[in-house]
Each structure stands twice: as structure tokens, then as C-alpha cells.
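We just call them A, B, C and D in the order they show up, numbering each chain from 1.
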Amino acid sequence: MNDAGAVVDGLAVALLAVALFSVTIRGLVAGVWILVAQSALLALVAATMALWSGATHMWAAAFLTLTVRAIAVPAVLLWILRAVALRRETRPLLSTRHALILALALTLIAFFAAGRLELADAFPAHNALPVSLALIFVGLLLMTTRRKAVSQLVGLITIENGIFLAGLIATLGMPLFVEIGIFFDLLVAVGVTAVLTLRINEHFDTMNTDQLRRLRG
Amino acid sequence: MLTGPLPGLVLTWQIDGLSAFFALVILSISAVTGIYALGNGRHHASFPGSGGLYVLFVFAMLGVVVAGDAFTFLIAWETMSLVSFALVLTEHRREEVRRAAWVYVVMTHTATAFIVSAFLLLARGSGSLVFAEWTAHASASDAGIASVIFVLGLVGFGTKAGMIPLHIWLPQAHPVAPAHVSALMSGVMIKLGIYGLLRLSFDWLAPGPAWWGALILGLGAASAVLGVLYALMEHDLKRLLAYHSVENIGIILFGVGAAVMARALGLGAIVALALSAALFHVANHATFKALLFMGAGAIDSAVGTRDLERLGGLVRRMPFTALSFLVGSAAISALPPLNGFASEWLTFQSLLQLGRLAEEPQTALLPLLAGGALALTGALAVACFVKAFGVSFLALPRSTQAAAAREVGALELIPMATLALLCIALGLAAVPVVTAIGSLVPAAMLPHDGPALGLAAPAGGRLVLPGIALALPTFGALALLLPRLLGPVRARVAETWACGIALQPVHEYTAMAFAKPIRLMFRDIVRPVRDIGVVHRSGTRFVASVHYRSHIAPIFERYVYEALTDRLVAMARVVRTLQNGSLQTYLAYLFAALLVALVLAR
Amino acid sequence: MTLAPVLIGVPLMAALLCVFLGRRAAAVSAAASVVTLAIGSVIAFGSFAVPAERALGGLVYVDALSGLIVLIVALVSAIAALYAVAYVRNAVATGEIAPAQVRWFYFWLQLSIAAMFAVPLLNNLGLMWVAVEMTTLTTALLVAFFRRGHALEAAWKYLMIGAVGLAFGLFGLLLTYYAASHALGEAASALAWDELRAHASALDPSLMRVAFALVLVGFGTKAGLAPMHTWLPDAHGQAPTPVSVLLSGALLNCALYGVLRFHLLATGTLGVQFSSDLLLGIGALSILVAVPFVLVQHDLKRLLAYSSVEHMGIVALAVGIGGPLALFAAAFHMLNHALAKSTLFVAAGALGQGYGTLRLARLHGAIEVAPLPALGLVLGTLAITGTPPFAPFTSEFGIAQAGFLGRPSALVGAVVLLAGTVLVFGGMLFHVLRVAVGTSPGRPHKAAFPFAASFIGLPLAALLVMGVWLPPALRNGFTAVAGVLGVVP
Amino acid sequence: MSEAVTAAGLAFLQLAVFLALAPGVNGLIKQIKALLQGRRGPPLLQPYFDIFKLLRKDSVVSDHASAVFRWAPAVYAAAFATAALLLPVLWTPAPLAGWGDALALVGLFALARFALALAGLDTGSAFGGMGSSREVAVAALAEPAILLALFAVAWRSGGTDLSGMSAWLQTHGAAALAPSQLLAAGALVIAVIAETGRVPADNPDTHLELTMIHEGMLLEYSGRPLGILMWASLLKQTVLFALLIALFFPFGLASSAAELPLALAVLVLKLGALGLMMSLVESSSAKLRILKVPELLGAASALALLALVAEVVVG
């Protein structure tokens, strides 16, 4: 029984590694591919959970994760980047070194905070919850340090992934139609953001959100 | 008894002697000013529906005095303020009108916030919003909260009454309002502040400590002396009258303060005397202030300006306005045998008697000092109205408009004449009026175990104005007739002697010059600012022209109110930088809020 | 309660129709809004009379609180849709909106109305979260509709902050679901609100504290409570006026509805003290934060936006104070704020289109040029700043009275309420007075003021009447809502 | 009906006495001042000759003057005539005691000042304006001193009734004059000097435009109206002296018809004594600049305040 827990723990560690890596890279397309990796790992976690608990809706959740998070959303992001022909992120607010140190600190806080949450008899993967918190904090860090609109969107989706992981671990996923609702919601959100990003790019002919600071007071 | 919009809220009415008295004052004055409005309205721009607003204004004031519970009182109170704010805004094209209206409505609204807090503390004590309940539970509330309620109420109602230092809206709002509106506002509306203060200190609260009365006396003295001093320094007729309203509110506050202090010391007779003095002055001030504002309105519409420096010689061109304005000036300067003197006489008596009967020296001295302040105010009022009447009506017209002025229509003269006659009548019939006031006010507020009121101080000193009114004309006639026994004399008309040159309007004493001795004598209080510009003929030392501009430093406006608002706006500008436009900062705020919430949730 | 799904269906269908019947989209949206107003009122007044009931197999749950929100959304969406007809025609005339875009405007408008109706009706907390998220997404493109730099900036921040906020909301929801499934077993209905409410005492207290904190921050962001309000002035300021009406009048209330639902859960588990104090604190903070921004404001619609922050704070404060009187006044205030804010935005929109700008420095003498919107603006400001005899004063008076009768922190809250409303009164009236009276610089073209805005007199009249007398139906409604919010199992 | 007639007769008798004595007092003061300054000075009856000369002369009225100018003398004289009858100096209860008290007295003074100041402004001449402005300014400072002093004196007899005050002093005798009364007397003397326009405050004898306060207002009057005004201002001076007498040494009043001649003689003596004191003060001090008058009157108010404090504390 505990081998499922070990598998999930392994996957969680992999997820954490991917997240920390995403803090260091500059390339936008690379960022999108990191999302794909995260989503794939999440799908695996969902699958192992389905195996372990035998709940049919878990399989549906795993499949949905694969199609929406791993394929549909990155496809939209890549389409935006191609439409805008943008490759690299300009210099982010924090240098890579500082960002990494901050990310590690946030991860430690996440482990400490998760300990306090004492979800005692949840799924026996004891370090999956801290990872989800870490994902949320790293996602927030990405959003607040990156300048380009798309990378802020990547940060947002990282937060969503973190929450989704916590959901999987703690409650074997939400009731199915709620799960579907959330996925549909994520898809529409990315779609709307994509349209908005294109309009911003068309109006400001740059994706740099520093332009978006004129509404004050 | 209507069920109000909130659970447990009931809209009730409570009409007792006090509200009847105030309702009578409201109705009589608003009727007279209403007729005046018909006549005077033609000269000034007024927006459609301003007549309807005027009627609503009167009904709102009536609503205030008959309201039986806190909620109805507040609805009527604020409607009265809003409607008068709209009426003040009639000539909204001018910048100072807009500024005055804004200052007025913001100060009134802040006052209402104070009143609401006082009411809610009272409701907390007695568990209901109905005034009758408050009276019943008056003695239950403990001293500490009662004092807090008293101070809150004093600030709230004091602002509406125009008491120093909460008065700055009055000299700004009244001059810019149309004449009939400022007559009603100055004559009647500010009295509702006094009505509220009377209800608070006599109806809703048990007899408090002596310092309540001392506080009112102190603020009354400040209002009276500073009000008349600032009035003396004004050369805009309506601002002068507005400052006089502040002064007369000070005089009323002397009566109220003496009554509150006497009630604290348990001197029933003095409470009766002081309260009837205050209420009698409320009625008197309503009559002569409305009369004077209507006079000023008549001058404004006939000459086109209210600046005293450009009036003059109107007594020949507007004789009837001049006569009624003279009667009004005599009444407000408290000259026998008119009504102003009667109510000031009563106020003097109550202050003296309170001083004599109070045991400890320090509580005895304050009323006597207040008496001194009242005397100073009375004398300065005489000076002010000699200036106001003399400079605007007598001698030569100082401007072409003043020379071309013509008497106003009958619709304006009749109301002024009626109020002038009312001043005289109230003076002569002072004794029955004061006795009537004594009986009108409910016994709980006015324990008159002493002799029937009237113009007799409990311990000696009587005033029979009809007697004096009989003696004066007889001796005046004697003074004119007796010399005729020595044979007839002729009076020849000639030029006024001006050291040999023909008399020019420029030789006359201006309002500024008339007030100069007093301005120099009270310069530490009034702080005059003077700038003299001398223009020489080009290149020579010969003087081409000299400009003399003098104004008094607006102490309260600058050092209290502008200082406060500037600091507030500065703080707001600092906080505004928080919204600096960057998404990253906003996300940081959100994250910080989350951390705080999680820490609290531990 | 079979009407509930119809209420959501009508705007959805209208949205689709608008896309196909391009030219007559305005008429379709207006008609749809009138129909939803009728149905909404029926549902609302129905819910006030009869205690809570479920429909569609537990998917829909309507009690007095959701009835109130449905009523508010119905009223506000009617005003918004009716005003949109004239507003959009003017905008097209002045070239701000391309004729081809008009159909999409109404499409997103009706979609967002549908989402806002869904929020109060859905029983399942997860679906409610999805509905709130959908309101954000559907209005995001509407905020950016004018294709100006500022509008795009406002929309981007609106979307990002909204999404992050709701993500935290979802995390809170998730913890609640964990606590519920842990206590109630595997029943899929573990997320059904009324079930949770019934068994609230069985939930794990420490988890529920964290969950409530997360939900308060999450849904609080969407409700515009400080310090998560930063997106609100940008979004309401830049959006086309009918959208601002919808955002300020309806959407904020829906998000606040979410917070109130979780507040009831938290009181069930942790007792009244914890969540009431949090609500009271965040409410007072919102009032205080709004004051400086109202004092030194340079844009008319941003001024109204900050007023919304203040009023959401007042409602939160009222619920925080608790007790039948405060909760009655809170419900009453939600309706008052929705009505008053809609009239203000309509008047501001009319003036904005007339003068071509919303900068307070260039708006003067409106009374001469466009007397009706100027009068509407002034009367609306008097109403929204809680001046008697208008209804907002009555509700604020009730809240202050409950505060003075309540516990010490409630007393402090009431004092903050009184002080805050006075300062906001001074600030707002200073700006609005300079806009309404005085001499107007240029001659804005008369056409700017459409017939539709002339009906702002209706809500103002209602506010005036409700200030002194409440129709019995509404009175019972607010008492029922107070009952729902106040009952402690 | 009969005692009403006697009361009226008494009133007119007291008025006649006052009118008769008024010019005499002024003549006496001028006589004593001349004596002190080593010159002969005008005869004692000179003021009578001046007044009767003026009453028979024609008058010149400015063409700008209005009804105020014509009626001012009548109001001015009437005010002081009524004031004279309030004072219990001849008969124990003053003829009009029932109708007015000390405050009414002060009110009547204010009425007279109001009328004359307006008349000063009416003709449009700069001197009239200057006179009126300074008159009301000085009066503004004198009145608080008078009021506080009257309060201190009224303290002992309880009420502001003049006859009551003097009756109290008569019954308790001069020994009862507590220190507070002396302070009040001092304050009243200074105030009386300012009100009557005697030397330290104003110079009654000069016509130098820049210094005169009271004379400035009369400048435009001539002939009979000037006569009436002069007589009335002299009456004012006598009324003020009588006020001092009534409040501080009210002995030798008549209570029956027989004692009237004696009371009259005593009154003349007292007025003469006060005249002597005034002339001593005048010849020993120079006229103050107009802006220094406030210090003098400030001192008067301070004295009156001290009197009150002494009264309240000592009791």
C-alpha cells in the first residue's frame, strides 16, 4: 500500500524540482514546456491515486488533467507566443540568484506551514501537501517578479497546479462535476487572457507589463 | 405613530410647550419672510421650484420641533439643512457661493454625526429612541456617559446655532443666500440649535455638574464678544448681520448657560428666570434679525451692492426702509423701550442673581464675568449699528447706484413694517409675553415656584417698559415745546461746513474709518492686517495715489479649519501613493492580507 | 422553485441571440433584462415569504439571502441593460466602439448577468466558486472593451488579481471540502451548502479557521474589500458605464454573498466571535482606506468606485456587528447601495459622454448644460453618502445603533462608520459640487444625454421613500435575511 | 388718584431741580478750576446765560441732514430726563423707581448715545463722524466698568433697584461701606469722567477739532437745538453725579413734604462737593491721547472686577 505513497512522494519531489527550475529560466517557450511537465506529473499523480483508491472519477480527473492542463492550455500559450513572435523574457525584477534563494526560502516556509495543517489521515504521501504549498508560493513569486504578460500567466497556472495537487492529495479530488467546472473554468480563463494579451501586444506592441502602470491614485 | 423602516423603530410626535413656542416663532417669521420673498424674488435669479423648497424648508423646521423620537428628529434636521443648502446655492455661478454652500453643508453634516452619536449613547442608556423614554430614564445614566453625551450634543447643536468656534459657516453662507432665505436661516433656523441644546440639557439629561453651565457661559461669552467685534470690522452689510447672529446666539447662550448652572446648583427660581430670558431673546432676535436681513435685501435690490463703502444717503431715497431698519437697529442694540432691551435686561438679572446665590466663589464669579462680557457686547452692538445705519442711510450717497436708488415695492415694505411694529409691541408687552413663556414651557424644565414671572427679578429691580415708553415722548415733547415760550425761531438751510470747500461724499466717514478706534483698541483680539501701497508719479517723489487695504486675520478659518483640512489632504496624498499602478505591488498587498488573515486564524 | 434555472437560462439564450441578431442585439438584451427582472422579483419575494427550499435535485438552493442577491442582480442588470441601449448607441456615434463589436458587447453582458444569477442560486459551493470565476472572466473583456491603453491595463489587473484571489478562495473551499468529507463521509453532496450548514458543528475547528481566512481573502478580493480592492477603481473607472453599473451594483454583492455563506459555516463551527471580528475588522479597514482616495480624487468614476469599496466595507462591518438589527440593516444597505450606485454611475456616464472626459478638473457647470444628470449626480451623492432623508442613512443609522448597543469592538466599528461617512461626504460633495454647479466651459452636445438615463429618477424616488417607510414585502424580506444570517444552530 | 397726582408733581419737581442745578454745577467747576489756575474765570451763572442766549437764536440746518438730525436733540434730552427721575436723591423712593432700575439707567444712556452719534453722522462732515466714532468707542469700554460696578453695589441689597440700594445704605449707615464698595466707587468715578467727557478722557472746554469727542457730534448744531443739546449734556453730567451720590452717600433724603427744602440744600452741597473733586482731578491731570483712554477705562473695569471679587470672597 505504501508503494503508492512512495510513488506519489517521488512525483511530488519531481514537481518541486520542475517548479524551482522554472524560477531560473528566462525563455518563455521553455516556461510553457515546464508547465507541460508539471501537468504531466500531476496526471501521473492522479493516475496513481486512481489505482490506489480505485475511485472511477479519479481516472476521469487524470484524463482531464492530461488533456486540459498538459495539452490544451500550453497549446494556447504557444499559439500566443508564435502570434507575438516573442522569445525571451526581459530582465526580471529579481536576479536569478536572488529568485532562487527566495524560492528555496518559500519552499521551507511551505513545509513548515503544511506541518501545521495536520491533515492527519489523508493519503499517506506525507510530503505531497508541502509541495503543493511550495508550488503556490513559487507561482506567486513568478507572477510578482516577471515583467512579460505571458510569464505572469505561467505563474498563475503554477498556482492553479499547486492547488489542484493539494486537492488530489487531501480529498482524492473534488466531486466530478465540480472538477469539470474547474477545468472548464481554467480553459476559459486562459482563453480570455490570451485574447487580452494579444490586444495588449497590438496596442502597446510589447508584452512588457511595465507599460501597464499609468492608472494611479 | 408610524412604523419606521428599521425593526423596532417607531416614528412618533411630541408636542409640548417648548415645541409650541418654537413652532410659533418659525411660523410667524416664515410667513412674513414668505411675503417678502414674493416682492424681493423679482430682483434676483432663482431656479424653478425654489418657492417649493422654501415651503419644504419651513415644514422641515416644524418637523424638528415636533419630532418625538431620534430618527424623525434626524430626518427633519438634515432635510432642513439640505433644503437650506440648495437655497443658498441659488446664485451658484459665483465661486464664493459654491464654497460657502459646501462649507455650510459639510459642517452641518459633521454636526449631525455628533448628534447621532449623542442620540445613540442616549438610546444605549434607555434602550429606545423615543424622547419620552429618555426623559423617563434621564436620571439612570451615570455621570461619565452623561457628560460625554452633553459635550457631543453641545458640539452638534452648537455648530447649527453658530456658536464660536463652530461658527465659520454662518458668515459665509448667510450673505450669499437670497435675502428671504438668509432672513429665515438667521432668524429661525439657528434657533433650532438652541432648541436641541435646551432639550438635551433639560429634557433628556438629569441635572449634571456645574461645569456644564460654565462651559456654555464661556462659549456664549466668546461668541458674543468675538461676534460683535468681527461684525464691527465688516463692511459687507449681510456679513455684518451674520456675525451679529453669532453675537445674539452668544446672548441666548448666556441665558441657557445660567439656567443649566442654576439647575445643577438646584436654584429653581433662577432656572425659571434664565430660561425665560433665553427663550424671550430667541423670539426677539428672530423678529429684529429677520427685519434687518430684509432691510439689507431691500438695499441690495435697490442699490445693487451690499458694500457699506458704496452706500449712503438712502434715508431720503428709501425712507420707509430706513425707518424700519432704524427700529431694527435700535432693537438689536438693546435700547429701551424695545424688545432687545427687555430680554437683555432679563439676561443681566439672571446672571446677577445666579452670581449672588451660588455658594462657592468660583461658580459665583463666572456669571458675573459673563455679565461684564454682555455689557461690553451691548455697547459694541450700539457702535456697530450706529455704523451700519449711519454709513448706509445718512449723509451723502457714496456711489452713483446709491444716488439712483429708489424705494422698494410694497410687498417688501409691509413685512418690514410688521416686524418693526412687532419689535415695539414685544418691548411694550414684555411682561405678559415672558409670563406666557413661563407657562408654556413644561413644568419639568421650568420649576417656577417663585412669583409669577414678568420683568421682575426675584430679589428686587423692576422694569416697566410701557412706563419708560410713556416718559420718553412726554419729556421729548417738553424739550421741544418749552423753548417755544421764548418766542419763535427760524431754521435756515445751508451747506454743511467743511472748512470752506464744498462738501464731497469723499469727506464723509467711511465704515472702515468709523470702526478704526475700536479696531485699534481690540487689535490683539482682532489682529488687523494693513497694507498701504503708494504709487509715485514716474521717476519723481510726488505721490500719484495711495492704496489702503485692511482686513482682519480670519483666525478661526486659517488656524483651525484650514490647518485641519490641509493636514487631512496632505495625509490623503501620502496614502494615495499606495495605489501606484503596478500589478506586482497589488499582488504583494493581497499576499500580505492573506498572511495576516492566516496568522489571525491560528 | 422551478423558475431558478429559467432565470439563468434567459440571459444565456439572450447572449446567443445577441450574437446572431447583430443589429437588434440592444433590443434583445433590453427585453431579456426586463424578463429577468420580472422572474427575479418573483423568485426573490417568493423566497422572502417561504423558508429555504431546494430544487433540481439539490443543485439549486434558494433562501432569503440568495433571494435578496437575486433581487439586487435583477434590478441592477435591468438598469444596466436599459442604459446600455442608449450608451452604446452614443459610443458608436462618437466612434469609441466599432459597430461590429456591438453584438459582442451584449453577448458578454448577458453572459455575465447569467453568471451573476447563478452565484446565489447554486447550492454546491464548488459550482458557486466556478460561477463567481465566470463572472470575472465574462466581465474582463467588457472592461477592456474600449481598446484604450488604460482599459487594457485595468482589465489585465482585474483579471490577474481576481484569478489569484479566487485561487486562494478555491484553496479555502478545498479545505472545507476536506473537513466536510472527513466528518460527513464520502457523500458527493459534502459540498452542498445546506448540508454543510446543518452539520457545521461537526467540522474540524482549526481547519475551518484557516479555510475561512482563505475564503475571506479570496472572495473579499472579488468583493472589493481593502486591502485587496486595488483592481476596483481601475476596472470600474475604465469600463463602459453600463458595465461599471453591473460591476458595482451586482458583482460586488455576489462576491460578498460568497463571504457571507462561509461566515455562516464558520459561525456554525467556531461560534460567532471569530468570523464576526474578522469581518468587522476588514469592514472598518475598507471604510478607512476609501476615505483618502475620495478626498484627493481626479476622476469621477474612480470616485464612485472608491465609494463602492467604502460601502462593501459598511456591509461587512454590519454583518460583523451581528444581531437582528445590524443584519436587517446590512441587507437593507446592500439594496440601497446597489440602487444609489447604479443611479450615480448612469448620471456619471451621461456626463462623461456629454463632456467627452471624466476628469473632475474639466467637468463644471453641468446643471446648466445637462440639468437632469447633474441633479441625479447631486441627489445620488447625497443618498450614497448617507444623508437623511435618503434610505442609505436609515440603514447606516441602524448599523450605528446596533454598534452602539453591541460589544466594545462593535462600538469602535460604529464610530469608524460615522467618522468615515462624514469624511467621504465632505470629499465626494466637494468634487460633485464642482461638477454640478458653476459655469460650464464648453458646450457639450445635447445628444449626449439619452432618454434611458431619465429614468434614474425611479431608483432615487425609491431611495427617498424607503428612507422613511419600507413596503411590508421588503421589510419581511430583510427580516428573513437577518434570520438566515443570524441563526446560530 | 390723589397720590398719582402728587407722584407726578414730585417727578416734575425733581426734574425742575435737576434742570436748574445742571448749568450751575458746570459753572461751579469752571469757577474752581479758574481759581486753582490763578485766573478769574467766567462768572458762576455763565452757562445759564449761554443756554438762554442759544434758545432764543435762529438755527442753521445742513441741507444733507435728515429727520434724524431734527429729532436727535429731543430723544437725547428725553433720555436723560427719564434717567434723572430714576435716581433717589431728593425723595426716598425715586419718582419713577417703579418703572426702572440701574440697568434701565444704563439703557437710557445707550439710547441717548445712539441718537446723538447718528446725528453726528447725519450731516456728512468728517468731524461729526470722528466724534461719533470716538464716542461709541469710549462708551464701549466704559459700559462694562459701569455694569460690573453696579453689580458689585447691587450685591449688597440683592437687586438692581436704585432706591433699594440707597435705602440699604441708609439703614446700615456709612460704617457698612465694605472695601468692595470703595473699589466700585473708584471704578464708577473713572467711568463717570469718561462718560461726561471731562479732562483725562476728553476736554469739554476746547473746540480743537482733533481732540473733542463729545463736542464733535454737536458741531453742526446751532441756535435752539444746540441750546437744548447743551442743556441736556449738562443734565447728563448732573445725573451721573447724582448716581454717585445715590449709591455711595445717600444721607439727608426727604421722606415728607416738610423736609424737601432741607433735602434740596443737602443735594446742592453734595453736588458742589463732587464739582470740587472733579475740578481738582481736572487741574491735576492732562488729557490722554485717544488711544490711551482704553488703559484708563481698562483700569476702571479692573477696579470694578476687584470690587466684585472682594464682594464674592469677603461677602
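Keep in mind that, in the parts below, contacts are C-beta pairs under 8 Å (C-beta built on N, C-alpha and C of every residue); 3 or more make two chains touch, one makes a residue touch a chain.
Values in this document were obtained by computation on a predicted structure and should not be read as measured data.
The greatest number of inter-chain C-beta pairs in contact is found between B-D. Summarising the inter-chain layout, the chain whose CA centre lies farthest from the centre of subunit C is D.
Chain B has the C-alpha centroid lying closest to the overall centroid of all protein C-alpha atoms shown.
Remark: subunit A and subunit B have CA centroids separated by 70 Å (rounded to whole angstrom). With each centre defined as the average position of its C-alpha atoms, the distance from subunit A to subunit D rounds to 101 Å. Centre-to-centre separation between subunit B and subunit C, using Cα means, comes to 45 Å. Between the CA-based centres of subunit B and subunit D the separation comes to 34 Å, rounded to the whole angstrom. For subunit B, the set of residues that touch two or more other chains comprises 576, 579, 581, 583, 587, 602.
Residue numbers of subunit D whose C-beta contacts span two or more other chains: none are found. Subunit C has residues 153, 156-157, 160, 164, 210, 233, 293, 296 in contact with two or more other chains. Interchain contacts (touch definition given at top) occur between A-B, A-C, B-C, B-D.
Residues 93, 116, 140, 143-145, 152, 209, 212-217 of subunit A are the ones touching subunit B in the complex.
Here subunit C touches subunit A in the complex through residues 124, 126-127, 129-130, 133-134, 137, 140-141, 144, 147-150, 152-157, 159-160, 163-164, 167, 170-171, 174-175, 177-178, 181-182, 188, 190-191, 206-207, 210, 233-234, 237-238, 293, 296-298, 302, going by the rule given at the top.
Of all residues in subunit B, those touching subunit A in their complex are 576, 579-584, 587-588, 591, 602.
Of all residues in subunit B, only 313, 315-316, 326, 330, 333-336, 341, 345, 348-349, 352, 355-356, 361, 364-365, 368-369, 371-376, 378-380, 382-383, 385-387, 389-391, 393-396, 457, 459-464, 467-468, 471-480, 483, 486-487, 489-498, 503, 505, 507-509, 513-518, 520-521 touch subunit D in the complex they form. Of all residues in subunit C, only 153, 156-157, 160-161, 164-165, 168, 209-210, 212-214, 216-217, 220-221, 227-228, 230-231, 233, 274, 278, 289, 291-293, 295-296, 324-325, 328-329, 332, 367, 382, 387-389, 391, 393-395, 397-398, 400-401, 403-405, 414-415, 418-419, 421-423, 425-426, 429-430, 433-434, 437-439, 466-470, 475, 479, 482 touch subunit B in the complex they form.
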